[in-house]
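Two complexes are shown next, each including chain A; its partner changes from chain B in the first to chain C in the second.
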Partner chain A sequence: MTDLALGGKAPADRDRILRYLQDYGVYLGVAVLLILNIFLTPHFLSAENFRTQAVQVAPVLIVALGMALAIGSEGVDLSVGSVMALSTSLLSLYLGYGTWIALIVALIGGAAIGVANGSLIAFIGVQPIVATLALMVAGRGLALVLLPQLKDVRDPTMASLGSGDVLGIPYLVLIAAALALVVAFVVRRTTFGRQLLAIGDSRPAARLAGLPVRRVLILVYVCSGVLAAVAGVLATARLTASDPTSLGNLMELSAITAVVVGGTPLSGGRIRIGGTVAGAVLIQLLTATLIKHDLPPSWTQIAQAVVIILAVYAARERGKR
Partner chain B sequence: MTGTVLSKAKPMKQPEDPADTEAGASRSERVSALAQQHGALVTLVVAVIAASLSFDTFLTADNLENMAVSSAFLAVVALGMTFVIITGGIDLSVGSLFALGGVLAAWGSQYGTAVALLLPLAVCGLIGLVNGLLIARSRLAPFIVTLAAMLGARGILLSVTDEGSKTYLVDKDTFFATLGQGKVLGIGAPVWITLALFVAGAVVLRRSRFGQYVYAVGGNEDAAALMGAPVARTKITVYTLSGLCAGLAGALNAAWLVSGVTILGSGMELEAISAVVIGGTLLTGGFGFISGSLVGVLLLKVIQNVINQIGSLDSAYQQVVSGAFLALVVIAQTWLGRRRRVL
Partner chain C sequence: MTDVLSVTQLSKTFPGVRALDGVDFTARAGEVHALIGENGAGKSTLIKVLTGVYAPDAGELTYKNEKVSFATPLDAQHAGISTIYQEVNLVPLMSVARNLFLGREPRGRLGLIDFRRMHREADEALRRLGVRVDVRRPLRELGVGAQQMVALARAVSVDAQVVIMDEPTSSLEPREVQTLFGVIRMLRDRGIAVIYVSHRLEELYEVCDAVTVLRDGKLVHTGPIAELDRLRLVSLMLGREIGEVREEGVTKFSGEHAPGTQPVLRARDLTMRHALHGVSVDIRPGEVVGLGGLLGSGRSETAKAIAGALPTDAGSVLIAGTPVRSGSPPAAIRAGISLLPEDRKAEGIVPGLSVRENIALAALPGLSRFGLVDESAIDKIVDTFMKRLRIKASGPHQKVGELSGGNQQKVLLARWLAMNPKVLLLDEPTRGIDIGAKAEVQKLIDELAGDGLAVLLISSDMEELIEGSDRVVVLKDGTVIEELTGSKVTEDALMRAIATTGGSHD
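Our next item is the complex of A and B:
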């Protein structure tokens, strides 16, 4: 804080600190919350608690990874919550044909919504927010048409996927971590990742440079759809029930928050996967802190709102540069 | 599109369209423009005729009155949304503000009608003002600011209702309840209030200086600023207006239901945006009209009503149809818009 005050004389200093905060503020936030909790919250430092928190954050993180890709391409995917609902409906409908077939059908459902989103955006030129809004409404409806009400999922493979672990680390957490690594690799090291960032930076420039803009955009939304479907499947496995009415509700908000808080600018062209992971963890910790201190859920929502605004406010300088 | 918007409003229905003003507009261009402007109205007429031929229960006084009243609240929200979208923005907080407005109105009704109306207007208007300030002065993206406001408003709603467990009731004998329950000439009071607001909104958008600024800001913000339009003030005003509309709609809804129901309003922002877009307003800003949003709301409600009448279909189909319909409208709009730009 004192640095900031001194920096008033030299704008370059202030600029540097601001940029530092934009890049690493989210990690700082996580660290502060961790330290606060260790001192203030009883039983916070138990393996059981960490396990619970990690399992709860896993689906949000997986959805946020896909959201990061969409936001990096200067888009957004509002349909992710509905895709989770659709995947859980498909999963429980097809479980009779075998667990693996049901899993694949659920993921194909997510990919199909992604193709629809991507086609509207890439071929017709509809703004991402509207295209994915249409699929959000229709997707939830479709999920409810397929499976009108809550249904128990009694399948040993699914149950072990939801509650099993390796060396004490739950499958859910391992899968989320693996996916985060894969997406980080894709963004940094693959042609697709570079093309996606170029398109997010400037679509006209990318088109003039001869990049396959449409193909890349469709693939972005397919990735987002499939990742949301994975999150839906994992959430179903954890709850051992399919609930298309409520599964994934407001998930798009949590995912966007995680991405934005993690330092990925909404203006596209840049993706921070590490920040997205930290962003998801930050929101989970914030919620957990408020709940553990018996503060009502209404506070959680207000706090989340404040965090979003702070994060976007901190990031705004970069957007202009 | 921006060239004409600052010119004086002409006494025509839709003077903003370049096709009307350019003498040499080709025929197909005019057809495209007409389809964009009146497509929703034509679809509405066709849908109403088809529905009344298919279902005996559709064209009954009860059903029509019911549809009109339930459309009224969404229409008021869509009215504010239309202003926001014409400036090229979006307001995702309206669903939460609608619910918050209803709860505050129901709580306030114990202190009289004035409190019941002014409290939700003040709180929701204030949240809208904060949205506008963050968007216009701090230059944050509208969708993320109003997203945060959506969460924040829902949080406030929960904290004033004991985490959603308390429902405030409105005394049926008060004047406030009459605003929702009363009837004039056999038609519910909310419908009349909504119609009056739409006339006022259309006049403001078409005939006032502020209305012209709204179009100018949406058409091209930089050009508007260079021409001396108060860009920031215009934006702040439209988001405040949207908050006020959502709060008022919530209050009227509470008067109609005689209680402040806490679970309302989720998904309403989507319905309102759909209605505005279906009505022909472009999400890219700079083009749109108030009457279209009313038609859009009615069309959505007719579709919902028809699906409800088909007994075998449950309400989930409603969402599938609404989503598919929204996609179709946007595809058509993009296509028509592209044609007009190319020609």
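Our next item is the complex of A and C:
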């Protein structure tokens, strides 16, 4: 009956503009930054620069893919940065047993943190922000217990993973792109993806419709954990060093920004993978622009904060109607 | 007796709803005044106006012979109007005494809290109400009943002139109810005006002096409760006259089904603390069984217990002789039980998803191979049911949240019919939907029963319940008090059953 109360033309127009901004504003932002840089930044239009930017954005994007799943389920995963640290510690500890074994152990570490997050949320009913905050602290602690200080990684396979390429496209970028496609496919075409969106939109309705709510939630955080571990491994390969003290610091904020700026609402029920990719690129360009123009890195964080506030504002205004 | 708080010609409108329409109400000193009515009658709106939560659109509020308007709930509290809600709103981790004196602690020298005095006074205040607890213990360690007493003691000790209680007994044990009644009588004898909201008729007759009945936002009766017999009270609440001559066929039900002989659903002795006390219901294939009773009698709880949506303390549910694991919606759904919940918007539809996704939601695992969704299988099912149920949407991809209530309900029906259920539990299937859609849904229920489905129908609409059901099981305070069959399925018989004494849950 309130459908009729949609009176006035102006609010409807405003609503449509906000909707477009939330859905496509991120692409506009990327375009604007690209154009600005082409004119203002020397040597911006070079293959070398594009490769650097793409390699830097890859780990952020991979973490953001997992974050998009968590946010789509009306949750959040603050432990991703610590999972990156844990994976780098595990990786360098187990490299002695062979590269592949070390890689698998690192990913299992991420999955384990995901199981812990998911169980706290699904079985005990802890709020996602609290549960994953606990694992954020515990995960970083564990990483430092396993590997108290920076350690060089001298492994040929890892080195080629970090700096190798196919037809000029770095492995890191290829892996990130492939994972984005996989996650997009999972969200669109699998039972898990559909159930995840239903749970994120209305948990009580999903429960009464007989959906396996707990199983889905645990799987969401396992995905997020494994993706963060992949990002940790790739970052380690690129740096050729394991640094559990600083690897992944503030990564959760970058990932949340990428997801939210990309048009995925914090209230759950909707996931935009294309937007998330663009969101990650936007943050990377923003950072690069500020650094190229000799502004201190702390400015980047302030700029990120402004972007995220704008994105949440657009979403909220639209939600109010 | 003097009037303490009264309203005249009070009106309050929300978008699309006239919640209160020219209501008069008076609370007098030394009187316990029952305020009753079914869902949507306007009770809670009236209370919220009295306590400053809502501002009325029209009408006057008089308090102690002065015209007043409370801007905030705090204003009303300071003026001496205390409200005790169903859920106790105190600080669970603080001690009983601190809760009692929150914000007005006795101070000693240096402005520090004088704990010794506070504990002594708290103890005395509670003893006066007949409650003996250690006032140093955290409030949450007390039972719900004792917590409610603390809330009451707090309300009384702030010099309340008016005490409003909203279903205070809904989570109390019978013994605690008696203690509460003792306290209420004590308040009355001290000259406090008590406004008492409850759906339990026994309680009203036991503790109240006056009664006001609201229906659809209007005042339908006010006066001493002793002059109103139970049957009359029930008929006023439900808006039905006893023995009223009425045309048949107002609803779209044919009323005739040919049920099978063996029940497909057997629910045995369902028990749930404070809600159900051994409820048993059988339904045969092709039969529509109505659940009758007032608000709070345990109708929705029965349906939810059968569907596994609420955990039971005891009892069993059998489908075709096979027990169903309790407390698990997936187990109930696998066994063939489908529930259309009362709160369609919060528990039924997934508003942000499309009509298509909503219809396919429960059946999704069956429409997938190796975890991948079979889109063409979904399209087929969605197409079938959108046509069969005549769902009006711009297309299968429209968001369900944008549809009308009737079409949302049809989408939910489609979701369950896609599962080929054996038992359909319908909790208020036509509430809040327009007349045309209502008739369609009623006709659909009839057809589904004709196809051999076992249907449980809950409805506050008397016509719908009586004409739609082959049998009516009447609930009161979580107990089955009567079963109406055959020619006894009439509105008169239903009201008489509800008004009968007894059926309380000791």
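Here are a few things to note about the model shown:
Definition applied: the second predicted complex is superposed on the first by the 307 of 321 C-alpha atoms of A that agree within 3 Å, B and C clash if a C-alpha of one lies under 4 Å from a C-alpha of the other, contacts with A are read in each partner's own complex, and residues count from 1 in each chain.
One rule holds for everything that comes next: a residue touches a chain if its C-beta (ideal position, glycine included) is under 8 Å from a C-beta of that chain, and two chains touch if they have at least 3 such contacts.
No experiment lies behind these values; they were computed from the predicted model shown.
Contact with chain C, but none with chain B, is seen for A:Ala206 once the two complexes are overlaid on the shared chain.
When the two complexes are overlaid on their common chain A, residue A:Val182 makes contact with neither chain B nor chain C. Looking at the shared chain after the overlay, A:Leu40 reaches neither chain B nor chain C. Within chain A, no residue touches chain B in one complex and chain C in the other. Here chain C touches chain A in the complex through residues 15-16, 307, 309, 329-330, 332-334, 339, 341, 346-353, 357, 360-362, 364-365, 368, 371-373, 402, 404-405, 415, going by the rule given at the top.
Interface residues of chain B facing chain A in the complex, by the touch rule stated above, are 90, 134, 138-141, 143-145, 147-152, 154-159, 163, 267, 270, 273-274, 277, 283-284, 314, 316-324, 326-327, 330-331, 334-335, 338. Only residues 1-3, 5, 189-192, 194-195, 197-198, 201-202, 204-212, 269-270 of chain A touch chain C when the two sit together in their complex. Contacts from chain A toward chain B in the complex involve residues 76, 120, 124-127, 129-131, 133-145, 148, 253, 256, 260, 266, 296-306, 308-309, 312-313, 316, 319-320.
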